[in-house]
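We call the chains A, B, C and D, going by the order they appear; numbering starts again at 1 in every chain.
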Amino acid sequence: MISSIALLHGAGYVGGELVKLLLRHPHASLEAVTSRTYAGEPLSAAHPALRSQVSLDFTAPDDLDLSGIDAVVVAAEHGRGMIVVPALRRQGFTGPIVDLSADFRLSDATTYADWYGVPHAAQDLLPEAIYGLPELCAPYPPDGRLIANPGCYATGLSLALAPIAEQQVPVSAHITACTGASGSGASPSAATHFPDRDGNVRAYRVLSHRHTAEVQQTVGTHIDLSFVPVSGPWTRGIWGTVQMTWPRGLSEDDLTEWFTSAYEKSAFVRLSPGALPELRPVVDTPFVDLGWHVSGRRVVIGFALDNLMKGAASQAVQNLNILLGLRDTTGLLAPAPRSPAVIA
Amino acid sequence: MISSIALLHGAGYVGGELVKLLLRHPHASLEAVTSRTYAGEPLSAAHPALRSQVSLDFTAPDDLDLSGIDAVVVAAEHGRGMIVVPALRRQGFTGPIVDLSADFRLSDATTYADWYGVPHAAQDLLPEAIYGLPELCAPYPPDGRLIANPGCYATGLSLALAPIAEQQVPVSAHITACTGASGSGASPSAATHFPDRDGNVRAYRVLSHRHTAEVQQTVGTHIDLSFVPVSGPWTRGIWGTVQMTWPRGLSEDDLTEWFTSAYEKSAFVRLSPGALPELRPVVDTPFVDLGWHVSGRRVVIGFALDNLMKGAASQAVQNLNILLGLRDTTGLLAPAPRSPAVIA
Amino acid sequence: MISSIALLHGAGYVGGELVKLLLRHPHASLEAVTSRTYAGEPLSAAHPALRSQVSLDFTAPDDLDLSGIDAVVVAAEHGRGMIVVPALRRQGFTGPIVDLSADFRLSDATTYADWYGVPHAAQDLLPEAIYGLPELCAPYPPDGRLIANPGCYATGLSLALAPIAEQQVPVSAHITACTGASGSGASPSAATHFPDRDGNVRAYRVLSHRHTAEVQQTVGTHIDLSFVPVSGPWTRGIWGTVQMTWPRGLSEDDLTEWFTSAYEKSAFVRLSPGALPELRPVVDTPFVDLGWHVSGRRVVIGFALDNLMKGAASQAVQNLNILLGLRDTTGLLAPAPRSPAVIA
Amino acid sequence: MISSIALLHGAGYVGGELVKLLLRHPHASLEAVTSRTYAGEPLSAAHPALRSQVSLDFTAPDDLDLSGIDAVVVAAEHGRGMIVVPALRRQGFTGPIVDLSADFRLSDATTYADWYGVPHAAQDLLPEAIYGLPELCAPYPPDGRLIANPGCYATGLSLALAPIAEQQVPVSAHITACTGASGSGASPSAATHFPDRDGNVRAYRVLSHRHTAEVQQTVGTHIDLSFVPVSGPWTRGIWGTVQMTWPRGLSEDDLTEWFTSAYEKSAFVRLSPGALPELRPVVDTPFVDLGWHVSGRRVVIGFALDNLMKGAASQAVQNLNILLGLRDTTGLLAPAPRSPAVIA
């Protein structure tokens, strides 16, 4: 069975990754991609690497025809999701929606207003929105139709912290995490001006990054979050450390047990006990890599993920798979039976 | 039908790309990957991004079992292909072989000895070797079983020059082409030491690069080649210019006609009349991009390709496809019928 | 003797380099730096590396007091120099002016209008403007007071071509030259957006870059210029090749003789016969490096310079030195007598 | 007065910086630079940027003539300082020595053996060795003649932590600090192979880096150090965060007071209350930049320095200045009286 997919606001970097993934997906057919800026132009106008690989033109958002569409992915900035999703519903679309904006991630509208500085425009939809971090939140309710795809930092942080949170021990998590310039999107800005980014490292929104709210919501109140987000001189990927002083001495085996038990069924989580992960092996992959070091009461957890993939596009496809009743790895990892080389 | 593939000497960067491509290939099953250094270790020891995607271990070259293998890809350095390929034949292997070393590219053993500084060790196989630049050399002889996969620079240069060579006009081609550090392979060296490569540009083997010989063999004697290879501060991709002073004035339309007519059936060649291509859109793709500018007698042709893909691994798969009787885009571009978005 | 210097429009990258050079200069005292954007703010607001090294604040251009100023450096964009310089004269300033804009480089106002798309606003000053490429144009007329500091590409190209031009042989020069992102200035743009510049190479203004005009003016009409400017993924420096097919065979010694004789007295030109220069050794230095390879009729000349230094700021100081009657290396190279280690 | 300086083992990156600084130094004359590898070759063989700036050749270590030498700088790896320094003394050299190896940094020979894995070979010299972090350790004993120049990370960490240590409050400091590839030295290795470093981030020696020992020695026992060193994809500079959970709530003003009072007389420490420093503004400068954020009990301190400058070469010159009775900024910052622009 092939599902017909529409991708809304698909001209950004995440949109480009979604197109690539959906073109390869064995059970998805990409039927439309919208963009206000590029309406009428070929997808390759925004995504030059896709030239000669895809014959679609961008559709103006207002011209999108939803008849025959089975599922929608919304790759919009925060503030747009809460406009676009209700509009889809008003147009009678009842199929699965994966929304990559921040708008449906926080279950509480007041918290949203606090962190994003604007009132929530679609509070009635919040109760049905599912926070889409499959490793922690799936299986989803059977009638779930609206997924809030997690933030890029939040994905890494929540997966790094969840097995700790399980211990229900009050602890301060000191986090320093660095992201590449694609995290700032496709529009030029001072933060992504090459001469100022090349060879430079810069913290921003120290102790006040918005993803903190969704991580806190996910990991609960035992963990105090002290989060320093950092811009690094590369294009793709987030790499970070979580440091904690545990109330008592631990061993690496303790953490190995906690993490292994948390993720033994998660195809997209790769664990490395006793070693922090590197960034490069996750780039352009749907994985998050986690590792740890322990020395007495000192605990260090490292995490790495591609902000455009597990931090956005591949996680959206993973969520789409789940909503469509497919195996979550479909189209993301090579299918099992073909080759002895392939992991099931 | 699924063909069983063995990949020899698969621990380098090109080997890693080949594994990725073959895992995704709908008609190939990767059965074995050899490496002397990594024998017995998982593929991810050399290719960390592949962890959790492939369950194979590296096989020691001497332990490779060829029974049941339908085709072999040899990802060896120059000097190794002429040892490995005859050994495969001696072992009774009669299936298709794609050799990525330089050893079977030059049809003349003396020319080989001149450029590579060693006598050719398998001259008896030279007559049957096919220079595997599909856009210029396919269809191959029906009984062809040994493909010499072209060099990375040579692929770009030959495709940029072939439509010019067609004109049979004596002309000097002044070429400056820059490659990323992955072109130097996976072993550290002074040329790839980060502090000396970052922010640096350096020419090497000026007017004496070995790929000149295969380009000359391909484009014929009307074109005099003046080739300056350059190391640039990036990881993947070759970007170059060919400049010529034509005997008479030309228009951009002239070149557009020549290039369009040369490549209208080539799925992996993307043309941009009046604009030189950029590097980034070819990275991690099987395409070579070509563009040109003309002003009076001044002609500039630009070319860009991923040295690890169209310059090596994806071209090897393209050749493998041809030898196996498949469409050459199989496993490299999304198949046609699935989606209206997909180019056939 | 100490000369008092005012730097106009000193908030850009070139301005920052000029401040650094002038702070270190033994016979210069930097008295004022103007900027409309940063007026009233410390220099470190635009040049954070200079914090704690300089106590000046930016002056609003209209507030600049020229009394006591001995020389002025204008670090403005093209189109601004022809406004600012006449204004200085109207204010009664009669001292030396080094203008880094393009406005006084071309001796012919019509040529200027053709290349820059606007009429020249200070044609009366053109006759007295001196093209400030000291290695080719010094000594300057004794009453010279207005220097047009050459363009960055033009500096490299003119110095690479002048010894060839001397031969008075008609020849086509095929030039490919790559620049870092600082060449685009301090304002963010699509061309300098990190994710699109990192790992990318892109040509621009192919066969139509404005510096072509000043190079042609400098090297004369025997040389036909075919110039492809290229953006590379680094911050500082220009690296390029000039390729020519000479009418007859040459030897490397021929070029060595031409270049040595042209530059034997030039402290800022470093020659490497038989080897093209690398980029990194010129970065953050006042040198241009030149090298060459010859094979029969094939001639390749390589050049490298820091676009912000010999391509702009250090050349401006070199010109200032000359106008002030100082040795041209003053403040740029360590003075001779101090140490046996120091080159005079 | 001009002091004659010999630089031992000056072919590495730190050696190159030392040569640049000493060439510019108004009271130093660089008389000799030794290198086993480059003996007899010009300094530019190892330091190509210095070509045409310095006329010295490298001296073989055994050929060094110490007569007339006033001070010696030893730019050797750990394990070499404890050989070279005693040898200098045996040869009768009694002048100031600044040793950049790790060998005289730890006052206790057993601690040295624990961290460096070899017994200390010059224990008799340990009592007279001075740990050369001027901001914390100067003024030095008047008869001090042997300075142990601190490690690069240690410089940043100790300066970031010292005002905290002053509070005598037991606290855990969770440190993540990233360094550029020049920190690994001039010899190629897997860690600095461009394709594996570009776009990559990697932790190493997690909770076990050797500089931990000297930081602990400097800041005392109230602070528990949890230090994660990280390799980043750039060439120069260290950027790091220190995170702590304070026993009680603090304000940014508290830290501002502590840091201001600690460093008000330190020309090379730049403070930014309420903002973490960026990396780029310290590159190629003798400064360390410190900043902080506080939110309740959460404390974040950021630090940035150039590992080759304040982390090695400029700090060595600073120490040399002190031993020679000069102002510590001599040759590192522009002298005061020249210009109103110059900070004293």
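Things to note:
What we mean here is this: a residue touches a chain if its C-beta (ideal position, glycine included) is under 8 Å from a C-beta of that chain, and two chains touch if they have at least 3 such contacts.
What you are looking at is a predicted structure, and each value in this text was computed from that prediction instead of being measured.
Set against the C-alpha centre of chain D, every other chain centre is closer than that of B.
For the pairs B-D and A-D, the larger set of C-beta contacts lies at A-D. Chain C and chain D have CA centres that are 35 Å apart. Put simply, the C-alpha centre of chain B and that of chain D have 47 angstrom between them.
Averaging Cα coordinates per chain places chain A and chain D 41 Å apart.
The residues of chain A that reach two or more other chains are 180, 198-199, 233-236, 278, 280, 283, listed in rising order.
Looking at the complex, you find that chain C touches chain A at residues 13, 180-182, 186-190, 192-195, 197-199, 233-235. Within the complex formed with chain A, the residues of chain B that make contact are 2, 19, 22-24, 26, 28-31, 43, 48-49, 51-56, 198-199, 267, 270, 278, 280-285, 287, 333-334, 338-343.
Interface residues of chain A facing chain D in the complex, by the touch rule stated above, are 172, 174-176, 178, 180, 196, 198-203, 206-208, 224, 226, 228, 230, 232-237, 239, 241, 243-245, 276, 278-280, 283, 293, 295, 298, 300, 302, 304.
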